[in-house]
Structure formats: structure tokens, C-alpha cells
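Both complexes below contain chain A, partnered by chain B and then by chain C.
Showing the complex of A and B:
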């Protein structure tokens, strides 16, 4: 399957909210459940998505939108799954915005889809400020980043519905304290749901997969 | 020593270049060598700085400027060294700019200093676009982030003089390929100097310390 590469400029902030609302309504009207994966470079967003798609692709109709500053390095990783993938290049911009995601959706065969996974630009700051119209916001943190992240980047944890703590397979080689981390996340957002897993080894991955399955309307 | 907390707004891009030039000239006129630490959240910027300061503080007159969105969590880690530290709060902005650093410098006892370390906001994208007037740009990457970062965030590697590959103590538990990484970094910037070290265990740290020592004009 050929990967579509879209280059789009960033829309202004006020307009963004309006377009995000349109995107949200459109996806809702189609019964499509959608996820916005955010987090630092190297937190493991792509690896989580790859494992998720590999486990669900037989039974669910999935589309992926990959957001990167340049290139289609990540989008290519989904070619093997033979699902529709759109690569968005932000051309330097540090986050996706609603207009970019709208263009991405227009380039997906939406009538055949039940789930859309969007991977935002690797950045723990800026994507939190731009609503993109997807249903479920996810922040991915790896244990190696340290347990102080909710204190230093509170907005990202505040606007997220889900927090995935990744790379628990190397927890013992890090200084990450899961209790301290959970406490810090919950002090910012007491409604957030936390998954601890390893996308590399698959440890605890089924809990996350069950959550996605339960989110799909059938 | 009390930590000064400064809250400043982001300056516009054009003005930024002008102020950066002023800062650069000022530091040069004083013979102060300065470093701008950039990199993703959790790459280990603060830990590198802590070990660096602990090794150099007896023989060098050091000041630190900590850049964070909110709080003074990192600045507090330098209290034990009894050196002058200024915390800059960007109030949401995803990077330091030259005006913020200028304010930081104005709050340091510059006449007593030879070295200023600036830690930028944790972000592999935005700080690369804003010159802050310091002499040496450093990008910190931890092995756990993956060896594809220069491909996905090329600007950061292009504008950096030094690349510190951190957390080599857990290299064997990561998929990081040092040869591939170096090749990718050098394809973006063939003048960059790469240090592989562990700020946690101190492995290879002396090479970096020697570099800092040799940079100081005496």
C-alpha cells in the first residue's frame, strides 16, 4: 500500500478549535473511535501502535495517521500490516493541529474504518495545546524518562484521558518510582486511567488491548 | 542560596535573533563560556549538569540557568552545590528564548563567573529554532529513545555543536545501535562532536569534563 504524504501549514489557534469540533462531529457521526498518541520522542508511541495494530487488525478495521516533522520513517513501519496509513509532515511545526488531522482523515477510506490511531509529533509540550478532534487523548511516558514528568509538564497529563507508562521491562534499571509517578499524575488529573506495560515484550499489553476493544462501538 | 524564579513571556522571532546577538557579545566580552543543554524530557540533561557541576565547582566559577514551563523542581537540585542558580519559568512556552536568557544572566553574579550552563525546556523540536546567545549548543539523547532521532528531528542535530548520548549503562537493554546513530547524526551535521556516557554511573564522563575544562579561557 502506498503511503500518502501530506504537507500542511499550521492553522491559527482560534480556527483550530473550530476545525477540531468539526472533526470530532464527523468521526462521531461515522461511529469511528479515535485516539491521539502524544509523548516525548522515544517514549515508544510507534512501538505501542505497531503492537496494537498487529493484535487488532484481523478483527477491526483500522486506519493510522502518522504525524512527523519530516519524512515517512514511522509510516513505513505500518506497511507490513496492509492497513491504510497517512503520513502528515508538519514541515517544522512541533505538533499536529486539527486542520492537519482533517486532511489526514480526508485521505483515509473512512467509510471502511472503525478505529483511527493518530500519532502526534514527539513532544511532551506543544501537542497538549492543540485539540485535534480525536476522541481519546493518550500520553505515553517511558519509565526511563523519570517519574517527575507530571510535575514538569502538567498540561499534557491534565488534558489526557489515558496515560501509558511504557518500557516496564527495564523498570529495574531505572530510578522510576511507580507509586510516586501515579501520585503525581493523579494530583494533576484524578480521572486519568493509567496502563503500565511494555510494548517491546508485550507485558501487560492485553489490558490496553481490552480497553481499545471495549471502546469500539459495535 | 535562594533560587530566583523569573516569569517571562516569549519574544517575537525577529527580535529574538537581535537579543541573542547581544547576549553572545556580552558573554564574550566577559570571557564567559556558556552551554545550552537541549533534548527530550527525561534524556538526562539535569543529571548530566548535576554531575558536571559537582566535578567542576571546586575549581571553576559556575552559574546555572534552569528553564522549565513551571516550578523550580530542577533548580532545587543545585542548591546543595551552593552555586548561583536562576530558574526561568516560561509560563507554558515550549522553549527558552534569548530575552529569557538575558533576564537569567541579569540575575546571576556574572562578574564572578567563568561558565554558565543553561538547561532548556525538555523538547527535541522547538528549542532548536530559538537562538539564545550561548556559545555551545548541546543536544542530549538517551539510548532508550532509539537511534532514529536524527532522522526524525534533524534540525536539533544540525544546530548542535555537541551530541551527548546518555544512559549508556543501559545500552544492552535497548535497541540502540551506536554505529547507526552516529552515522545518522553525522549525515545531518558532520562537524558535531559526540560523547557517549552515563551521567548516572559516571562511565566515560571524564571525556566530557575534559572538553568543558578545555573550553574555559584562563
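Showing the complex of A and C:
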């Protein structure tokens, strides 16, 4: 027997990356702006999306892809807005992958859409490791989770373009220090844009809405 | 948390190379990951040994994880593998 070292240089998620690239190209060719909402369970991703959709649906053609391990509880919340919604169940997987998002998009009336919001599985770890082909990555953190999250889950903050700090209406009841948090986020990613808001009361929500409007080219 | 997905894809890559190179046994699998990745070497090895159980070629194989420098690299790269082949192959 002899021992050989074989150079490989292959990516374990090659297939995922290929599909993510396809998704990206497809959305770009149609001029669709897409957002990938990530964050812990309970951080308020769905509530932010609901308020966002309610404020934009009259003037923008929006589609939503809801990713959850099980159930269609979140997708049902969008029925009242009369916009196209697709629920993806990952069947136990801790993240959405590009193929799931691709099939989600295939089930949306894309020719009528300008904006697609994707809500990833609630989790600060795995979604960060999977490219899904969407344009803008968002991490949602609520003040009750604590201001140490950027230090504990740096990859999520590293790959995100936007950080939304939610539930600022209950800031006074938490130990969350916004200055410390911002400093920690920026130490991981100095290009990230931070929004502080409350999806429940609507406080500061317009700043976020303006950002979405500016992202959609017309 | 998604070690299963990683190992499943890794085995596909390894199966192909081992067939091509007529490997008798895989000794080391050297992979590179994002410096901030939460993938854990011990955990990966545990999942790997469970998922490759019964395949003699992977018995005792060890995954070695190296953290890359690029914080935006989202891939998991199989840099190289060390295999045992019959003399002359």
C-alpha cells in the first residue's frame, strides 16, 4: 500500500451555490428586489414583515416566501393582505437552502412582482451558512435577546447587509444597551446598516420603509 | 446544526474521488471553513463516522477542519484528502 494526497478543491455546497447563483440571476433579470430575513425565533421577523407589507402593498407588488420547519401558521398571517404567499416547510432542516427558495419562487407569480420577502427559519446559526440567492440579507435582533449577540454569532452579522433591532418599545424593561450593541455589530461588520424600531407600535418604522422603497428601482 | 447536510454532500464528493483514484482507504480529509463558522470538528467527525458506517473505505478516516481567513467565504472547501492505494495504482 502507498499513501497519496489528492488535491480536491471542491466546495461541499457546490450544488447549493450553483442554484443560488441561478436564483440571483433570475431575480436580477426580472428586476425583482429580494430580502432574506434571518434572526432568532421570536425576534419579530414575521411581525416586521406584516407591518412592512401592510404599508407597501398598495403601491408595490409584493410576494412573500415563509420558511419554517413545520406548519403554515406564518403564511396564513399574510392572507389578509391578499398578496401571493408561499410557505416552505424545511421538514426539520435548520435553514432554507437555495433549492427550497428556487421552488418557492417558482410558486410565486413572478411576472407580477417587484419585491420578494423571504423569511428564513428562526435561527442565528445555520441560515448564515447558506447562500439562497436573495439580494439583501437582514438579521433581526430583539432587545430582549441581549446586546451580546454579535459577539456570540459573528457570522450572521458578518454576512448581513442590514441589522434591525426590534422591540425598542420595551427597551426600558431589558438590559439591552443600544450603544454597546451597535459597537459590537460594527466591530464584526462595519458596512452593516442598523435600524432601531418597534414592529408592534410602529416606532421608527418609516426609516426602514424608506430604505425598502429606495431599494426598489422604478 | 446542519452537519448532516455537510457530511451527505462530502460523502458524494469523496465517493467520486475514491472511485476514480481506486482508493482502498481514506485516512484524512482536510477541509477549510469560514473563520466564523459554527461547524465543529468533533461534531463533524461524529456525524461522519455515523453516516459512513459499514463503508470500510471510510473506517478510521479523520476530518481535519482549518479555519480560512476570508470572513465572507460561505463555502466549505475540501482542500485535499489522504488516501491509501494499492502499489502501482
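Quick note on the criterion: the second predicted complex is superposed on the first by the 206 of 218 C-alpha atoms of A that agree within 3 Å, B and C clash if a C-alpha of one lies under 4 Å from a C-alpha of the other, contacts with A are read in each partner's own complex, and residues count from 1 in each chain.
Just so we're on the same page, a residue touches a chain if its C-beta (ideal position, glycine included) is under 8 Å from a C-beta of that chain, and two chains touch if they have at least 3 such contacts.
Computed from a predicted model, the values in this text were never measured in an experiment.
Asker: For A:130 in the superposed arrangement: first (chain B), second (chain C), both or neither?
Answerer: It touches chain C, and chain B stays clear.
Asker: Would you check which partner chain A:17 touches, where first means chain B only, second means chain C only, and both and neither mean what they say?
Answerer: In the superposition, A:17 touches chain C alone.
Asker: Where does A:68 make contact in the superposed view: on chain B (first), on chain C (second), on both, or on neither?
Answerer: Touch partner of A:68: chain B, not chain C.
Asker: One more residue to check, A:94. First (chain B), second (chain C), both or neither?
Answerer: Both: A:94 reaches chain B and chain C.
Asker: Is A:31 touching the first partner chain B, the second partner chain C, both, or neither of them?
Answerer: After superposing on A, A:31 lies clear of both chain B and chain C.
Asker: Quick one: classify A:158 as touching chain B (first), chain C (second), both or neither.
Answerer: A:158: touches chain C, not chain B.
Asker: In the overlaid three-chain picture, which partner chain does A:202 touch, first (chain B) or second (chain C), both, or neither?
Answerer: Neither chain B nor chain C is touched by A:202.
Asker: Return the residues of chain A at which the contacts from chain B and from chain C coincide.
Answerer: In chain A, positions 94, 123, 125-126, 129, 153-155 sit in both the chain B and chain C interfaces.
Asker: Which residues of chain C touch chain A once you look at their complex with the stated criterion?
Answerer: So the residues of chain C in touch with chain A come to 1-2, 5-6, 9-10, 13, 17, 21, 24, 27, 31, 34, 36-39, 71-72, 74-87.
Asker: Chain C touches which residues of chain A in the complex?
Answerer: Counting only chain A, the residues touching chain C are 1-15, 17, 93-95, 97, 123, 125-126, 129-131, 153-155, 158-159.
Asker: Inside the complex, what are the residues of chain B that reach chain A?
Answerer: My answer: residues 40-42, 68-71, 73-74, 92, 94, 121-126, 129, 141-142, 144-146, 148-149, 151-155, 167, 169-170, 173-175, 200.
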